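Here come two complexes built around chain A, the first alongside chain B, the second alongside chain C.
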Partner chain A sequence: MSRSKALAVKYLSAAVLFFGVMTLSGLLSAVYYINPDFLFGVLHFNTAKILHIDTMIIWLLMGFMGAVYWFLPEEFGREPVGIWAAEILFFVFVAAVLAVAAIFLFVQWGPSTETTLWLVQQGRKYVEAPRWAAVGVALVMLVFAWNVVGTALQARRITGIMAVMSVNMVPLVLLYLIAFPAIDNMAVDLYWWWWLVHLWVEATWEILIGCIMALAVMKLLGTSRRIVEGWLYIEVSLVLGTGILGLGHHYFWIGTPDYWLGIGGFFSALEPLPLLGMVVHAIYDAGVHRMKTTNRPAFYWTLAEAFGNFLGGGVFGFMITLPQLNLFAHGTQWTVSHGHFAFWGAYACGVLSVCYIALQERRKLATVDGPGWIWAFVLLNGGLVGMVGSLLVAGMAQAFFERAIGGSTLDAFIAGQENPWFTLGMYSRFGFGLVFGAGYLVLVLNLLALGRREATLALRVAPAE
Partner chain B sequence: MTPAMFLLTSLSLGLMVLAAGAYALLYCVARFKGSRAFLMLAGCAYGVLAIDTAGLLLRAPIDPPWKLLMAVSALAYLFIPPVTWRYLQSTHREEGVHS
Partner chain C sequence: MQYDDPKFWRAGAISTTVVMAIVLIMLTVDSLRAINAGGSHVPPYTVINRHIDYTYNAKLAREIPVIGAEELLFGKAVGAGDAAALIDRGKLVIQSRACIDCHTFMGNGAYYGPDLTKAWLDPVWETWMAITGADTKEEAMARFLMEPDKYATWQRKMPNLGLTRDEAVAMVAYLKWLSSIDTNGFPIHFGRINVSNK
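And now, the complex of A and B:
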């Protein structure tokens, strides 16, 4: 196995590990909504939530990097140019994540000084990590970009997928730099923060996962490169066309001109169109191959990616995308519901698909199947759908009672929080969260055990022969 | 916009995209199986989408430009599955994937 693939396995393993941390801290965060005194004075809600959303970013980033490092040697026929640096930085990355988690757990905050920004945390949602860690992440991303672009240059050849990925490396690295400046004006700070959150997620990440899934589909179904690349170009242009200006739908209450809400709403409303095309493509590929593949879990996770992206991003997003409606739903559990479903569908399912692809090759398995992955698939997706459904009900109650009827006063906020539909949604979310957590455990067991039984049986049979 | 209309409009928008997804899924199954029954079901799904969109155009308290966007989107949803299908078929045929 090449060094790049060995590194990919490390990244994917770390991703699955941090996926677990995200799940656990998410479950903890859910408990606070039904028992606000939970772990009072020991672990506060804000700490659990920071761990939940930050590890979500980290595990997906690690998953993307693992996936890219897995496919790079196959695309270029050689090791990445800076594989040695990537190997060192992997351990630095993991150590930094663990150190930051420890800081969040045991220090959490400090005085409003530069020292706090550098050593404790920067205070911005999703990118709270202290500046030293953010420098580390930027360095990891730079080396990652170098390995993609530099390897293409050294190999003196480039595929369409790698060309798209290489161009995407520029905004992927640059947009993260918004995590650094400490802007005093909160409105200005949020303006740029939305660039980081929205453009990273709905532009660069979307393209990155598009490239990864293109490589995965070629591997899984043997679909020709020309077909996959043709579709990738269409998808990328449509996603970019709708996603970039869709940024405006976040610009509430930060002093931006009104027209941004209209522009953002218009382009966001177009976003389900390419997603529907992706669903048709997924069904077509599944049908052409009559659902037959040597790696069923990877194939089903790929299908889940297409459908989850459509449902989470398309259906759940479209419900709240028009500015007139977003005004009421913004910042409620409704948006949390949309966020959970969209992230799961667009990114998490894709990363899990690549995990199975990598395992098949690493353990030299002719076929990958069995009941374990099905249990994990059903529990994870069932738990997730249950969670987002519960959050949807709770969010609708918030938007309806607190915002639309109550007019967003403090009294209305309290009434919204005490509304039976909201509390029922919170209990139900926790219950489905437990199902999701069980799915995670089954997934890990399945990933660890996959192919090992067959290998053991083969060893037992061998002496008798 | 009344609170009830806010909720109703939002749910109608969600239903519109959901119906588009159901139409696409059933259309693809119909083409694979060569089944008229599935094609009719796909038509029913699009019918739900059309009725839902009509409701939005007639009753939703949103400005005309947004209603125009809804109407154009509903039309686009009608054509996306067959157009995508033909594109996929032609590219696969050119590559010799199909027998």
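And now, the complex of A and C:
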């Protein structure tokens, strides 16, 4: 196995580990809603929340990097130019994440000084990590970009997929620099912060996972590169054609001019189009190949990615993206419902698909199947859909009772939070969170056991065409 | 033109991206002009010396902030430099205590605590003046922020994050300035409906 693939396995393993931390801290966050006295004075909601959303970013990033390092040698026929640097930085990255998690847990906050922002935390959603750690993440991203672009230059050949990925590295690295400033003016701060969050998550990350899934589909189904690359370009056109100005749906209420209501509403309403394209393509490919593959878990996680991205990012996003409705749904659990579904569908399922692809080759398995992955698949997706539905009910109650009827004051907020529909949603979310957690445990057991017990039972599956 | 040739779609991807990026940059230049302090949508930091209201504008069909007569914060007039220093400190308080991971600002953040966009204008502070024994709204807010656990009135309590007096004052100044931003009518109906959760 090449050094790049060995590094990929490390990254994917770390990703699955931090996926577990994200799940655990998510469950913890859910407990506060049904028992507000939980760990009061020891560990508060905001710390659990920070751990939940920051480890989500980290495990997905690690998953993407693992996926790219896995496919790089196959695309270029050589090791990445800076594999030695990437190998060193992997351990630095993991150590830094653990150190930051320890700071979040045991230090939590500091005085209102720049020193706190450098050493303890930055207090900006998704990028709470202190600046020293953010510098480390930027360095890791830089080496990652160098390995993609530099290897292409050294190989003196490039495929369409890797060309898209190489160009995508530029905004991926540059936008992360927005993680550093602490602008006094909240309107300006949020304006740039959304460049980071939206243009990363709804543009550069979409392109990156699009490239990864294109490589995965070629491997899983043997789809021709010409077809996959054509679709990838269409997806890039649609994602960036709708997503760049779709950024405007985050600019409805932060103090920006009201022309963003029309621009943001229109373009973000079109954002489901590329996601629908992915679903169409997934169904077409699956049909052409009669659902036959040597790696069923990877194949089904790929399908889950296409459907989850469309439903979670597209349909659930569309529900609340027009300003007439967003005025009431914005900043409620309705948004949380969309967020959970979108991140899961768009990215998590794709990373899990690559985990199975990597394990099949690493453990030299002719086929991958068996009951273990099905249990994990059903529990994780069932738990997630249950959580999303619960949050949707709670969010709708909040939109009606707190926003529309109450007028969003403290009393209105409390009235919304105490509404039976809201509290029911919170209990239900926790219950489905436990189902999701059980799914995670089964997933880990299945990944560990693959090839040792289960795969030997799987030879009944026909080989790929 | 060959529609099954990936190069055709590559040209489409490049041109679409370039056009959209240029439009975004143009809109960004205009938006930043409007949202810089003192711009058309965001008052200068010295607005903390004035009365701020949030009223319905029939022409715009939404609520807008209305800046009124002098209303000093903590009884002191502050110049541009001091106001900027207060806002700078207030923002550092927000970040150092990770306020946005429990609350929302302009609807962005976490959803465990109430939205703080118009918190300065919340009628509830009149009640809190009695609870904290303060003579003014800003004093009630400062006392609450310094010892939120002492004044907890709801099952979901705010933890004591060790705010000093100076930090609490800066935070109150920040919330007052924040309430003066024209947020296109968000949150709707704020403070216009009397809600009882009793």
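The rule is short, and it goes like this: the second predicted complex is superposed on the first by the 451 of 465 C-alpha atoms of A that agree within 3 Å, B and C clash if a C-alpha of one lies under 4 Å from a C-alpha of the other, contacts with A are read in each partner's own complex, and residues count from 1 in each chain.
Note that a residue touches a chain if its C-beta (ideal position, glycine included) is under 8 Å from a C-beta of that chain, and two chains touch if they have at least 3 such contacts.
Quick caveat, the model's predicted, so the values are computed rather than measured.
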Task = Applying the touch criterion given at the start, work out whether A:125 contacts chain B, chain C, both or neither, answering first, second, both or neither.
result = second
Inquiry  = Output check: A:420 vs chain B and chain C. Expected answer is one of first, second, both, neither. What do you get?
reply    = neither
Inquiry  = Tell me the contact category for A:320 with respect to chain B and chain C: first, second, both or neither.
reply    = first
Key: Partner touching more residues of chain A, whether chain B or chain C   = C
Inquiry  = After the superposition on A, what does A:254 contact: first (chain B), second (chain C), both or neither?
reply    = second
Request  = Classify the contacts of A:270 with the two partner chains as first (chain B alone), second (chain C alone), both, or neither.
outcome  = first
Inquiry  = Let me test your reading of the model: by the given contact rule, A:405 touches which partner, first (chain B), second (chain C), both or neither?
reply    = both
Task = Go through the superposed model and pick first if A:371 touches only chain B, second if only chain C, both, or neither.
result = neither
Query = Of all the chain A residues, which ones make contact with chain B and with chain C?
reply = 226, 230, 328, 404-405
Request  = Would you mind writing out the residues of chain A in touch with chain C in their complex?
outcome  = 32-33, 36-37, 40-41, 44-47, 49-50, 109-114, 116-117, 120-125, 128, 160, 164, 182-191, 193, 226, 229-230, 233-234, 236-237, 240-241, 244-245, 247-248, 250-261, 263, 327-328, 330-333, 335-336, 398, 403-415, 417-418
Query = Any idea which chain A residues touch chain B in the complex?
reply = 223-224, 226-227, 230-231, 265-266, 269-270, 272-273, 276-277, 279-281, 283-284, 287-288, 310-311, 314-316, 318-322, 324-325, 328-329, 396, 399-400, 404-405
Inquiry  = Which stretch or stretches of chain B touch chain A in the complex?
reply    = 1-3, 6-7, 9-11, 13-14, 16-18, 20-21, 24-25, 27-29, 32, 61-62, 66, 69, 73, 76-77, 80-81, 84-85, 88, 91-92, 94-95, 97-98
Remark   = Given the complex, residues on chain C that touch chain A span 4-6, 9-10, 12-13, 16-17, 20-21, 23-24, 27-28, 30-32, 34-37, 40-42, 84, 87-89, 91-102, 104-115, 117-119, 122-124, 149, 154-157, 159, 161-162, 164, 167, 170, 178, 181-193, 195-197
